[in-house]
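Beneath this line is the structure, given in structure tokens, with notes to follow.
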Amino acid sequence: MSIEALEIAVIGLGAMGGGIANRLLDVGAKLTVYNRTQAATAQFVARGARAAATPAEAVKPGGIAITMVANDAALEQVTMGADGLLQGLGAGGVHISMSTISPTCATQLAARHQEAGSDWVSSPVFGRGDVAAKGQLWLAVSGGEAAKARVQPALEALGRGRTDFGSAPGAAPLAKIAGNFMILAATEMMGEAFALLQKNNVDARGFHDMITQSLFAAPIYKTYGPLILDRNFSPPGFRLVLGAKDIGLAIAAAIESQTPMPLASLVRDRLLAAMANGLGEQDVTAMTLQAAADAGLNR
Amino acid sequence: MSIEALEIAVIGLGAMGGGIANRLLDVGAKLTVYNRTQAATAQFVARGARAAATPAEAVKPGGIAITMVANDAALEQVTMGADGLLQGLGAGGVHISMSTISPTCATQLAARHQEAGSDWVSSPVFGRGDVAAKGQLWLAVSGGEAAKARVQPALEALGRGRTDFGSAPGAAPLAKIAGNFMILAATEMMGEAFALLQKNNVDARGFHDMITQSLFAAPIYKTYGPLILDRNFSPPGFRLVLGAKDIGLAIAAAIESQTPMPLASLVRDRLLAAMANGLGEQDVTAMTLQAAADAGLNR
Amino acid sequence: MSIEALEIAVIGLGAMGGGIANRLLDVGAKLTVYNRTQAATAQFVARGARAAATPAEAVKPGGIAITMVANDAALEQVTMGADGLLQGLGAGGVHISMSTISPTCATQLAARHQEAGSDWVSSPVFGRGDVAAKGQLWLAVSGGEAAKARVQPALEALGRGRTDFGSAPGAAPLAKIAGNFMILAATEMMGEAFALLQKNNVDARGFHDMITQSLFAAPIYKTYGPLILDRNFSPPGFRLVLGAKDIGLAIAAAIESQTPMPLASLVRDRLLAAMANGLGEQDVTAMTLQAAADAGLNR
Amino acid sequence: MSIEALEIAVIGLGAMGGGIANRLLDVGAKLTVYNRTQAATAQFVARGARAAATPAEAVKPGGIAITMVANDAALEQVTMGADGLLQGLGAGGVHISMSTISPTCATQLAARHQEAGSDWVSSPVFGRGDVAAKGQLWLAVSGGEAAKARVQPALEALGRGRTDFGSAPGAAPLAKIAGNFMILAATEMMGEAFALLQKNNVDARGFHDMITQSLFAAPIYKTYGPLILDRNFSPPGFRLVLGAKDIGLAIAAAIESQTPMPLASLVRDRLLAAMANGLGEQDVTAMTLQAAADAGLNR
């Protein structure tokens, strides 16, 4: 089935959800959009999308819904709340959940979909809004095989690649959380290394240059390193409070599965310190200011 | 000046020093070799090198010496001890120090060279022995400008790239130490992430595959990840006890400069636990067995 | 008002609640008891108490209720659930909450009491069941002044001392949580110190003896030290899983108030490791086996 | 043998060594004193002590020497350096080492004494200078049985109690180090608990009052707690930089014996942060300002 033939509801039009909606419009999908504050829908309506007043109305029975919202609670609201999308989805409909949520939430909501005769596919994404708009996300996918097959054109339109984590609804969300843990840990790592170099008057930019041409030649280090070195924390690409939410998800999963993760704990304490010191609305890389402050480097 | 015209002494013929010596022979340098246990010199003599009985004899007055030994103490011994290389080096000679040593040691030895009219260039390397043999190391370089210029042909023969950290002898050694800290931290990061996934029956190999095609597409994750996932710790590529030595250098530098590095502390405690549990002679990635053990995963 | 004149409902008859009930019977109070599993009430009925079928029935309108249950959820259930005690308490009734709960839960339930015209006093306790039975608990108290005055005879009967944390319902619960954090941190501290001594063949018992006669001459060290040294973890005085619950409360409060507590994080990771290694039902001091295991000491 | 009959040299007349000298004078011992800067000897000469120009001269052959100096290096200097005390001590003389030093240093120096026919007794102490002056220290003792018996009158004069750690010279020093680790960990513990309470506007003084009447009713909490709550860090009772030295000894012993001590690592990073932020010359309890700063509490 081609993407042009698909009718898709996109629920949640923040930076990420908006990027997704624009990409789907680019490739010719028939789109209905919903956002908690309606003003956000205008730009998509201008491109031919239909705006719905509720999640339930956004979804065509037996159709496809993509959600991209802030957290477990928001997803439960747009899915199971009054006028939630599950009411409209019906038999044969598929809900592709792209938000960063807890595996537990995914598992529970998937069960509710099954009871309602609908399907659930977990598909959290790696990449920011501009990457989404270009269809260059990386998707971690898990869920029933038939449902995954059905939504494949949509997933293909959005991602330059995807990894299938099998049928358990909680699997892809956990992989997403583990990935975000690694992003935050990599940030802490650079924060400490740069502080050590700067405190010793050794060129941290040269160091960054060196490692990103050799062992650490990866996007996360190439992208985040300069933000840290330039203290370019505002406007934020990814707000620090959201990083704190994500490490909270990692630690909750760690507790539930009895997996001690001291590095995750360290990252969380750093993020808490950053928030307590007024950095919550800056870019997540501003957490490195705490390692600098501990070293007595000027803020 | 071309590399063929250079006469170079290579002191220390372990895996790394041996790779360096072979590379220099490949590109046509005139080589003298020295090793604490003389048997190691045979293969290089067979290829045309001269073997010396002492470091002092290995070095031609005014020539170039490259050292690659285990630690500060060994370097002090081959440099300043009885029949140490500094005796032979003389005015205009240059000592290129490639071992992973403390910045303090580099600074002190550089001062002794200056007193003796000799030059010192710090040039610790990233890469293993086989990489050295192909001339594909990455070199962190610091020292006097004239000396660095003079040894440039040798450095070019050994590395696919290098980063200049200025004139302070301790600068490049600190950059090397900071880099090794990052390697160990990346290992811990993977250890915790994989443990979380495995404890939840989510495919850790799929996860590794995913991140190394996206945000973490870097050699360190591509190389170390499979070692961890396969528990392929023996024979070791880099012995765990040497990782412990390196994190010790990082923490010593952190203490000296009053730079708190909690992630370095975490890594050290992991390595200590690994050694206490008999893993010291395995590959450094075996430190991840401790995160697994903490999570109750079978060893 | 004397204690004999008081009619009190005790809800929750575990080791702690049972000790409280027995103490109140000892001093002559008129008691009604309730427990989720009714069998636990028999021994108190035999001593003259009345057994109630529901929390609501246990409480006399305008009377006093003491709750001692497992956690926030259990307290919400016996208070606000069907047949919850708030229905029976009515105007002028006072609910003394002695469980270890979150400050948030205390604050919310106190508000519900106020709406219902009832009073709320937070009074979590330090001490175990046998200490409660002797009226030797220490009580952290907070709540409205009038209500605290009214229940003073009951608090006096139960504790050898108490500390007033003012009027905020959440204050005493937070003090209790902070105290439990200190207990767990003191346990970790001993675990590491003893491991260091034992690994070096230095007499850890002599050490414990020394410190508890000098700087650390306090009940927590005198009581927990021998449990650790004798590995006397079963039957548990305080189950490890409950310690994990308590450190969870501390960290939740830390997150909510943006207070980084790395020592609390360390304790939590230890407790998680202990649970993952099968120690959850042993005494909380069994968490020290993890420090011992990390040091390679025989379990 | 009575204390009056003993001739004792006290080497090192700082706050602690001075207290020890005064106490020995009080109980009638014949004293010779030595200090690196001679001015410090005047007050003891005024009380009848003899001042010596070198450690060697201070010691009577076959006599008793007590040392109380800053660290391993200082002790090696006064013992083995030019005019060191070992030269004067001779056969049958006993050196009582009371400084806080590494077990390794104690073991090595004890061996040198044995070679010289002299005896070594490790006897580090718990308590400050004023406590020493009253003979109320607690002594951790280890060394040869005969030597310990011979110096018993001196030890009795100085301490209200002592704990014998057997014959290994390194045993008592390790116990002292483990004790100091506990002191610093208790300080961190209070720092975090108080920060949590203060951030939530709960009375930290009331909390301190409560715990020091119950589970934590011990000198360390009673003494250090008010210093923290009053931010009474200057003049220092025990300088923060010395606390950093002591935790360094603990971690060095931990590394040597492969004993991971994450709480010790946490304390060290706190002390480093405090030094980097200018608190090194304040009281060690000033380390708690870092937990407060992380929580965004005003300094």
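In this document, chain identifiers A, B, C and D correspond to the written order of the chains, with residue numbering beginning at 1 in each.
Just so we're on the same page, a residue touches a chain if its C-beta (ideal position, glycine included) is under 8 Å from a C-beta of that chain, and two chains touch if they have at least 3 such contacts.
Just so you know, these numbers come straight off a predicted model, no measurement behind them.
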| item | value |
| --- | --- |
| More contacts between chains, A-B or B-C | A-B |
| Option in A-C, A-D or A-B whose residue-number contact pairs overlap C-D by over half | A-B |
| Whole-Å gap separating chain A and chain B, where each centre is the average of the chain's CA atoms | 38 |
| Separation of chain B from chain C, taking each centre as the mean of its C-alpha atoms, in whole Å | 54 |
| Shared-contact residues (touching 2 or more other chains) in chain C | 199, 254, 258-262, 266, 269, 272-273, 276, 294-296 |
| Topology of the chain contact graph, where touching chains are joined (line, ring, star, complete, other) | complete |
| Parts of chain A lying in touch with chain B, wherever the complex brings them together | 103, 126, 138, 140, 161, 163-166, 168, 170-171, 174-175, 178-179, 181-183, 185-186, 188-190, 192-193, 195-197, 199-203, 206-207, 209-211, 213-221, 250, 253-254, 257-264, 266, 291, 294-296 |
| Touch list for chain B against partner chain C, complex | 199, 262, 269, 272-273, 276-278, 290, 293-296 |
| Residues of chain A touching chain C in the complex | 248, 254-255, 258-262, 265-266, 268-270, 272-273, 275-276 |
